[in-house]
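Common to both upcoming complexes is chain A, partnered first by chain B, then by chain C.
On to the complex of A and B.
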């Protein structure tokens, strides 16, 4: 067995980053990066919590002058932004990135380098947020940054830092979201069909899809606002045809789903811990999955319930009330399913069990007040008062942080190999739970007694001093609880009891490996035969010899490169072997390029912006450039023959295809947000295009459209040629380049005929941005085509290597064709049909 | 005593106590039909919500404390359907219809007066288009009938909120929103900006005074008389100082050359109850301090300090306090 030991060591080396700082900077493995995500998020949590303590101290008594309005506004902006953008979502993403492979039975997540990029972008975004303290330009327009307060006239450089930091964090969020979705769809262990996925996985799948749509919308909106601030476009300036409510619509189209992006994974954690507490299968699994998916869908139809006081039509508001109330039913299903699961199981009292209890107690209250604030007339009164502050802290602390704490107590032994002290854990629970209620329950009453949100002081005559003192005392108590929790973690890391592989007798796959798990998670792909693979032992008669052969072939293999098994989306039958990249400096390079570009914008140092953009583009191109040496290495290994599965998969078996589809989904969402902007602005303007602006001529756009469609068709022909014969598809590829290039030229020529710029009217702003984004997409497709030509030249007969780049290129051209048609319809056809 | 009551109230009793108290800025002390309808809606939802909360937590405790191996009433699946789907559906549909009913009840049938209010950073411009009165940071209206408020914003988003009379309505730049409010009886309540609007969002409030209809007519006449009186008045030293020191660059006094509306209209200054959008009471000493150091009482506000010797300050304050002196 000595030989096997060395083999295992070699396998571990293959999956580990090189030692030292270089290894730390080039790390791509999900486990260290997942931990890094979580630790960074916890540091931001401490900073956000500290800010909250200052806010509470200021509000303790009426007329307090501990911190003035300026600092108060800065601190509540940073507190909200930190907790929403820098703590909760990144912590959940980190937890998911760490746990997904362990729970799914794979060796890493779908795009390891993207994990690293996501982390760096998140870290840099957070650093930009907090750099504002060093330069004394702390953002002060709130975490929601309503225009025009956040616009160029009414706020300073702090909002620029906020917007650009946020943009990086959004990019990090979107990439992590794509990663989570594709990993869940493609990297499940053989046999883990959709109906056998743990609820936490379902929850992350739903949240991941939501992140892609919601964060992209916010990214588009922040981009538009930064253009208003930096370039002088007029999206949100009512004086020039813009609209201030447009920001609120776009923001809450992100902001409401955002709440559920945090809450849905939290319910997934609760389902896991409840299963462990009850020591039996979750009752009503299909109902819980349905409820989770339903909440994800409905949450995109709720955004207006943040805007009841803006004077919208009653009928529209009634619709949003009804939709909001449906969430109540979906949540009710989950609550009663958990209670039914626990019924008669006499669960042992443990910190995670207490946090589940605390979650139920607080979340049910927060849900009830949530129903109240979804009711239009009542919301007119309590909107933007402390009642709302109370409500969403009940939902976010009770509904997200309590489940997270339950989850941390549950998975801490798996991640660290050490057990947390239960006595200390119970203590910390009671301090947090009681402190929480003392802090936030009185805020309901404060709101009803007329205390608005976001005020640094209040007059004594409102009679709010007593309640505020109680809230501040509660905050201190809660702080002690969190410090006890941290102390518990610190002590456990130093000398906690060893946990063993499975301290809770858990049901899911992560409990089948050692604690802490090996860096490759599974040396042999596991086989899943039930919803609870750890509870229900394998039955020999259900063994599929083909799957067993695949698993044996993948046992501690391949040794030449990192790889994991790809299975099909619904039934999880082995489909392909996916080679995964090892350590790489590219993620850090690309993220640094973005950071430099953004810092250049902030400092109005354009050379730096250009330099950063160049670094980003070069980094991305070398990242995505197909590498023939790598392909040859992958092909030369025996793993394809041993498993009988392709290693250079195309179609549904290729994660790269899913990456391209995800990218196209992001692009479609961005265009969707821009089209929404276009029609929203049109709806509120007297004439469209506005007076003084002539409708753009249609001839050149028509030519550009036809040429773009021709280029896409050429790309499709090129792929068909390379699929069916070994002849060179060069003619078609060159055709795509020429037609696409011609389309771009017509595009730019069309611009020179416009009699308006992006700044004098919002029409011009949205017109230029939409056509600009379209041109960038076209450029991307052209670059991709050039890459395929460079890669294929002289190797046109190597159809196997060419298949994937060709497929991705055609997908991109297809996306471009759809984008071109829709942009043409919006910018050039709709004014003819709807214009005045 | 009041403080002790409030602390104990958070344990559950207080909700009733505060519901009965007198508060100038409270949702729970409704003084109009609309606010009463909303307060009733709140109490109904609070009671239903409490019952639901107690029931759910009760089920939870029975579930985890109950006998080992016991089953939920009616079996697990029926329990989820009944508790998680049917029960919330009935409650929520009930609330939805009640809410629609309240929404309809808050629609005013008509109005007897129109008042325009414009939100500024951080004060309120108040105009009476029918009588030509322009004032700031204080709203007078007759009790009894509905008053239509036409709301807009000069700079950023604000929100108009007098909780004793109605819910809030946002004031948006470039858009006019409306809300009709009434007060059943004469009285004084406090209104407050309800949307974060920058530095001094906290100290952007106003007093709303509802008069008996006859008193309101008298108020209108007195204001109109005061505004025309400024035309004939002689040039006092204080008035000269007002223009010498550039006060007219931001403020208006009807009947004089001061017509700017960057800051609040001062035509009726002496008649007003507060200074700086309800930041401090309108007293002589506070007014003098406000001129010399406006940020003492309201940090961050946009009025520049005016340094002037004591005798000039006295003359200026004399003049300002002569503007529509209280009857």
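On to the complex of A and C.
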């Protein structure tokens, strides 16, 4: 036993950060970072809740002047932004980052340094948001920031803070999304095939994919709006060929899926808790998975139902009404599956069970009003009234916060090792539940009677004072409930009863380790043979000698560096051993560089922006640069021989490949949003390019295109040479550099012949931004190629070490080739085909 | 070291009854078809109407309606093909499951079931989304 203890202690030291502030700043492990995400999100929740109380107090009686219209606008902007961007999604991401390795049977998430970067970017973004209070420039254009209200003409520096803070939070969200997706696809325990994944994992997988596409669209849109404000481009300025409705399209293409990005993980939590409550397998597992995937897909097709009053063609609105109604099918499948699971059982009434019942009651009501507002004529009647406020709070609080509270009660013992007090938990539920309904149910009636939203007061003649007083009292009651919940958490942390490893007799893997879990999660990779590994006692059954050999070799190993097992995407067959980085200051450096760059933009202090950008680039290059000493350490460890698996995996076994594919998906989405912008602006333009602007000559773009394709082909040849022989692929790599560089020169030369800038007309804005993003992508591919050359120089015979950088480089060049062809087709071919 | 016993838990001996490509097609094609349909109806509905296609009548129907019908038929066919592929995969994998409970087979059977359900709903959604076309046969 002593020997085992020593072994575990050494392993714990390997997986722990150094003590003190240095360790705190360089931490990359998923457990402490997941907790930081959750605690930071809860602090923002308190701030957002406080703002809501002020808003509610202002509306208690008609004609009230407690905070006045300006502060009201600022507070409702900050309340919505805080809850949507700084609280819900980060809390869910934090919970997922904490739980994923425990539920999947791995030791960490796929990219530990990315987790740390994501946290710092999120924290810095939130600080930028809230810095607006210090400088008295609080944003006031709503959490949706519709143009032209958020444009340079009608709003001040607050919107800049909002946009740049949001950009950092979006970057954090996208990186966390990639982290979640790749971890789920590649870090599942042996045997955990797709059909055996816990529903929460399915939900996070779908939400992670959605985050990548939805957040990138918003990031592109915020980038465009900030360019309008800071540089003077004309994307959203109708006077110069822009279009204000374009913002709404781009925003809601993010905004509607955003609701489901929050809701889908919440349904995953409900499925986990319902299974525990019923003490039997979830009814209709395949149906629930199907419904989750369907919601993920269809939610991207509903954005127009936020825009029924903007004058869209009736035909377009009719399609989106149909799609909006269809999502009710998928949600209905889930609700009926939960009810069927609980049917005939006698669940013990615990706080988490109460929050599940509360969720079912409130969410169904919110869902029904959602179907109502999906119908165009009804939406026209209640749009911009308190009916909508009631609807989305029923969906967001009932459909997301209640499940989150159920989840916190469920996993709190695992995370802290302490049990929450059930009596206090039950009390907090009833205060929150009754307070919530007293606050928001009357708002349906207020809305139907004509009380407008987003306005600081209402006429006394509407006769709504009584309902508003009731709503304010309800808000106070709900606040008491949340305070009770926080008090319960605080009390449990101080002197709560010890939870033990598995207080609920849960079915998933996290309940097989101690509470709180060891920092490495699993000392020996678990084996999964069913959907409920904790309920089926064959978890450690040794049926397969090959898998047993892999698991034995990974038992408390390797000791030289952090590592976990990589498995097949679909049926979780062991594929490789993935070395993972230890504590690093680089995530903080890169996030700080971004912060400085953004602050420089805000203060119009360009030197600071340039400095921040340089710090970011240096940090990123240091982060991504292949380290030969590290590779040698990994190869010499003996873990590859012991497991029979590669430690420098390529192809499907490499997480880095998935990271590159995710990055390309982000890039494709950004280009997609920009192409949509191009055609949308063209549609509403009298002539395209507009009068006075000459269509760009096509010769140089054609040459740039051919050279870019040639460079991509050279990169492919270099990889082929590297894979098949020990000869140097230097000739092909140099060819890629020369051709790629030539393509870049042609782009720049083409720009010098343009007779328009990015500011005089929206055509110029979109043209310059699309071609600028393309050039940046080309630069990235060139830098990557230089890195491969530097890394490989003198070691061209080391095919194993070169394989991964080569593969990633070819993927990047392939993405660039597709982007170049697409940009060429949009900017230069489409004007010829479509005419003006 | 490779013997039948060693790979029993994961891989079926010989060629799996349903290939990875077929499995992926049946899983993803319905969703892609729905997405393409949505993009098509949005682009045709919004851009086609603004561009005046609604006034271009051919065979009693506007070009907007014709384009929408074509988009619906093509995408519904794709979703339907994916659903049928999923049905066939389920059948093949169901037979294989009887002989060998390899994780790979069990997993692909699950994917086939998932694909069948999802493609069925996607096909239904595509058809429901096409209903408005019949109210706008000659205009926008």
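Heads up, the rule we're going with is that the second predicted complex is superposed on the first by the 832 of 836 C-alpha atoms of A that agree within 3 Å, B and C clash if a C-alpha of one lies under 4 Å from a C-alpha of the other, contacts with A are read in each partner's own complex, and residues count from 1 in each chain.
Methods note: a residue touches a chain if its C-beta (ideal position, glycine included) is under 8 Å from a C-beta of that chain, and two chains touch if they have at least 3 such contacts.
Remember, it's a predicted structure, so these values are computed and weren't measured experimentally.
Enquirer: Report for A:238: first if it touches chain B alone, second if chain C alone, otherwise both or neither.
Expert: Touch partner of A:238: chain B, not chain C.
Enquirer: I'd like to know which partner A:500 touches here: chain B for first, chain C for second, both or neither.
Expert: neither
Enquirer: Under the stated touch criterion, which partner chain does A:545 make contact with: chain B (first), chain C (second), both, or neither?
Expert: Second partner only.
Enquirer: Applying the touch criterion given at the start, work out whether A:423 contacts chain B, chain C, both or neither, answering first, second, both or neither.
Expert: In the superposition, A:423 touches no partner, neither chain B nor chain C.
Enquirer: According to the stated criteria, A:462 is in contact with first (chain B), second (chain C), both, or neither; which is it?
Expert: A:462 sits against chain B, while chain C stays out of touch.
Enquirer: Once the structures are superposed on A, label A:18 by its partner contacts, choosing first (chain B), second (chain C), both or neither.
Expert: In the superposed model, A:18 contacts neither chain B nor chain C.
Enquirer: Between chain C and chain B, which one touches more residues of chain A when both complexes sit on the common chain A?
Expert: B
Enquirer: With both complexes overlaid on chain A, does A:298 touch chain B (first), chain C (second), both or neither?
Expert: A:298 contacts chain C only, not chain B.
Enquirer: With the two complexes superposed on chain A, say which partner A:323 touches: chain B (first), chain C (second), both, or neither.
Expert: Second partner only, chain C.
Enquirer: By the touch definition at the top of the document, which applies to A:683: first (chain B), second (chain C), both, or neither?
Expert: In the superposed model, A:683 contacts chain C only, not chain B.
Enquirer: If I apply the document's touch criterion, which positions on chain A are contacted by chain B in one structure and by chain C in the other?
Expert: 287, 314, 318, 321-322, 325-326, 329
Enquirer: Residue numbers of chain A touching chain B in their complex, please.
Expert: Counting only chain A, the residues touching chain B are 68-70, 73, 140-142, 146, 148-149, 153-155, 238-239, 243-245, 283-284, 287, 309-311, 314, 317-318, 321-322, 325-326, 328-329, 332-337, 339-347, 357, 360-361, 364-365, 368-369, 371-372, 375-385, 438, 441-442, 445, 447-450, 452-459, 461-463, 465-467, 469-470.
Enquirer: Which of the residues in chain C come into contact with chain A in the complex?
Expert: 1, 5-11, 20, 23, 31, 34-35, 38, 41-42, 45-47, 49-51, 64, 103-104, 106-111, 113-114, 117-118, 121-122, 124-125, 128-129, 131-132, 135-136, 140
Enquirer: Which of the residues in chain A end up touching chain C in this complex?
Expert: Where chain A meets chain C, its residues are 191, 193-195, 286-287, 289-290, 293-294, 297-298, 300-301, 304, 312-316, 318-319, 321-323, 325-326, 329-330, 543-547, 570-573, 644, 679, 683-684.
Enquirer: Using the touch rule from the top, collect the residues of chain B that touch chain A in their complex.
Expert: Contacts found on chain B: 2-7, 9-10, 14-15, 18, 21, 23-28, 35, 37-38, 41-42, 45, 49, 52-53, 56-57, 59-60, 62-72, 76-77, 79-80, 83-85, 87-89, 92-93, 95-96, 99-100, 102-103, 106, 121, 155-157, 159, 161, 163, 166-170, 172-175, 177-178, 190, 192-203, 205, 299-300.
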